[in-house]
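Letters A, B and C name the chains as they come in the text, with residue numbers starting at 1 for each one.
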Amino acid sequence: MKSIPAIALFTLLMAPLPWLLQSEYLLNFAIMALFYAFLGQAWNVLGGYGGQFSFGHAAFFGTGAYTASILQVTFGVNPWVAFVLAGVSGGGMGLIVGFLSFRFGLKGAYFALVTLAFAEVLRILASAVEFTGAGVGILVPLQQSAANFQFADKTGFYLVALALVVLGLLVTASLESSRFGARLIAVREDEDAARALGVNAFEIKLKAITLSGAMAGLAGSFYTQYFLYLDPAIAYGPAVSIEALLVPIIGGTGTLFGPLLGSGVLHSISEFAQHLTAGAPGLNLVIYGAIMVLMVLFLPSGLWGLVVRIRAKAGAGS
Amino acid sequence: MLELELFIPATINGLTNGAVYAVIALGLTLIYGVLHIINFAHGSLLMLAMYGVFFLYTLFGIDPYLALPIVVPTMFALGYGLQRGVISRASHGKDENILLVTLGLAIVIDNLALYLWSSDTRIIDTPYAFATIEFGPVLVSTPKVIALVAAVLIAVLFWLLMTRTDLGKAIRAVAKERTGAELVGINVDHVYAMSFGLGIACLGVAACLLLPTFYVTPHVGFAFVLIAFTVVVLGGMGSFMGALWGGLIIGVTESLGGLYLGESLGQIGIFVLFILVLLFRPTGLMGQRS
Amino acid sequence: MLVIDRISKSFGGLKALDDVTLNVDQGEIVALIGPNGAGKTTLFSVVSGFLPADEGRVTFDGTDITGQPPHRICRAGLARTFQLTKPFSGLSVRENIAVGAYLHLAKREALAKADEVASLLQLAKVLDQKAAGLSVAFRKRLELARALATGPKMLLLDEVFGGLNPTEIESILPVMRQIRDTGVTIVLIEHVMQAVMQLSDRIVVLNNGRVISAGTPETVAADAVVVEAYLGTGAAAIAAQETSHA
């Protein structure tokens, strides 16, 4: 795969960061940026490469988060095992939502709406059912050890987050170079033309949403381990769904590094804005939303598209 | 379980709530029917209008019903401006971009409200807030009756607008055949903006009807937009009568759901209905399905 | 090879296809012609699985394919193109064609096949270009290339010559014969009579959803019913008069 050198370089540059930064604050920032990048990578599989815009990715994220926390807290399952199972459950939810939506031919805005509705249904269920702790949520007991997927030194979390992002990069790169990925992109570009060429569009989209859901589920589990607290609003609320799509859309949908760029830029702006306004709620998202509107108006291919254009111009000029 | 004493008031309550939902959905129906865009910012704009009504009352003492002549034209202008200035420029030939732009606007408006006015619940205390009217054995809240009457009035006005006025004819022409309309000299951009403006003006009406008995927080936008979509989808996108009936059905569903399943779980009825309609309703939905 | 048996299809009150029966033998080039709105593309859509028929059956290579989904019909060996071309805009020409080749081939062979098909259709020069920027002529050839890359037994081509100038048409004609000589049966919807007359072994004429004539190019061209379908009632008589005066 042609992107392997770039991914390797990225990994090499990012791996030593905790030891270079020497600041808890910056390390936390890096962890969060990587976490949201991974969430964005999950969305990107279905939205960027598959062209199906989900407005309810929280449905998969939250399912993974609840799976991980309930397995740990109620059933005493090892958190690392719960982590893997969270990915499975996220994928399973993706399969369900995808099967219903695509079986009934939902596309475009209708698909976006139905994913939103699914996330809301899950949120309401989670807040009404004792099994998920109802409105109160779930508190994961503090028990720091590597075997317990809770790290006293944040470096551990950073390395896991980085590993997830690298996983995301590898998955995305394989989409760009595989037969499955080519068919997925074809379905995105023109579903009927793809079907006329023998592509089973339903099956392809279903696989994509399952993969996307699985990744989001893993993200949900990571969140649980990092914050040790989960409630319906956090797990299934619109905030997560919005972040999941903002990051790749601003960074550049359907590109390898788009979600990373999007997450890095957005969270840098966010930190900057927090300093200016002493942490007033809502301002972050106002800025994010404004950037998204401006992007769609003036830069639809996202920040990565801008990078590509600048590189092309530089190449043409030299 | 089916105690009539609880069932009837709940149903009537549902009908009056549903009437307001219908007004909200009428605007969305016009916007979808003409511009074929699904306006994700609809709920956020309603929330903005509601804050407008709130501040007009608390800062200037203007009664919500009397605020109609201020709020409605303002919302119309806002809608016109947004369509002409922002939304129409977003398309670049792809439908997804309109989706994203209206979502982006919703995010900006919702969070601007959060930033400016915090998430405190705001209510107003009008003298008639608890007045009731008797309908035989049942007492119905006066503001809610007014809302029901207003909703029917708006639906009739819309129908008259679309069938009796020149603007209405132009709107229908553009909705059916954009290029043909352009060729006969209709200013399509203006018609689009007028349609969007009218759709948002409905939100001004809804806001004035809601404030006497409801509250506003920055989060109501999100709650209302989903309900509005459910109504429109249920009623058949692009049908005004459908929006009216859909609103009433959804209002009753919500009310009865709350009665039988409790406050929080009751909400689920709407979204489950929404999903079911999206999945199963055949070509009552226009456009993007095929 | 392809047996279309009494296919009917209505849209609301409009009967787009009325009891259409049509056979295509292996190795033939059959042209499907008729005035606009005759139902030709609708027939293609029904045969290729994009539209369900109201009545009738379609049999391909001995198997009943009526009502099957498009991707399965393509896998069975029947590939179609679209009248309004549908390129995968974000992908390069090579990647576009490869999507077709992926039906039976793994990545490396598919890309090689894409190059091969592109050379055959004189698309080699634009292989690395994004499909979005292509002119109509190139897009038509890309449609054909993609369908060909699936390794079909039969091609349904919808106005593949539309929008091409005479030189371009002349250069594609031998390619079409070459494709047929490799064993692919071709059914074309065409308005460009130059191509129809030179290529087809047989012509079938559709009007108002019905087959009104079928036979060799010479027979069909002389058929009064066909002349009247295109030129209106009475035209056949006038044409006959003119030939007798000449």
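The rule is simple: contacts are C-beta pairs under 8 Å (C-beta built on N, C-alpha and C of every residue); 3 or more make two chains touch, one makes a residue touch a chain.
The shown structure was predicted, so the numbers you read here are calculated from the model rather than taken from an experiment.
Trainee: Based on CA centres, what chain would you say lies at the far end from chain A?
Mentor: Most distant chain from chain A: C.
Trainee: State which chain is most central when centres are taken as means of Cα atoms.
Mentor: If we average C-alpha coordinates per chain, A lands closest to the whole-structure average.
Trainee: Looking only at C-beta pairs in contact, point me to the busier pair out of A-B and A-C.
Mentor: Answer to which pair has more contacts is A-B.
Trainee: Report, in whole Å, the distance between the mean C-alpha point of chain B and the mean C-alpha point of chain C.
Mentor: 48
Trainee: Centre to centre, by mean C-alpha position, how many angstrom separate chain A and chain B?
Mentor: From the centre of chain A to the centre of chain B is 32 Å.
Trainee: Taking the mean of the CA coordinates per chain, how far is chain A from chain C in Å?
Mentor: 44
Trainee: Can you pull out the residues of chain B that are in contact with at least two other chains?
Mentor: Where chain B is concerned, no single residue meets two or more other chains.
Trainee: Show the residues in chain C shared as contacts by 2 or more other chains, in ascending order.
Mentor: none
Trainee: Taking the complex as given, what residues does chain C use to touch chain A?
Mentor: 48, 50, 69-72, 74-75, 79-82, 86-91, 95, 98-100, 102-103, 106-107, 110, 146-147, 149-150
Trainee: Considering only the defined contacts, which chain A positions touch chain C in the complex?
Mentor: 177-179, 182-183, 185-186, 188-190, 192-201, 254
Trainee: So in the complex, which bits of chain B are touching chain A?
Mentor: The contact residues of chain B facing chain A are 38, 86, 89-90, 92, 94-97, 99-101, 103-108, 110-115, 118-119, 218, 222, 226, 229, 233, 262, 264-265, 267-268, 271-272, 274-275, 278-280, 285, 288-289.
Trainee: Which stretch or stretches of chain A touch chain B in the complex?
Mentor: 51, 53, 55, 100-101, 103-110, 112-114, 116-118, 120-121, 124-125, 127-128, 135, 238, 242, 249, 280-286, 288-290, 292-293, 296-297, 300
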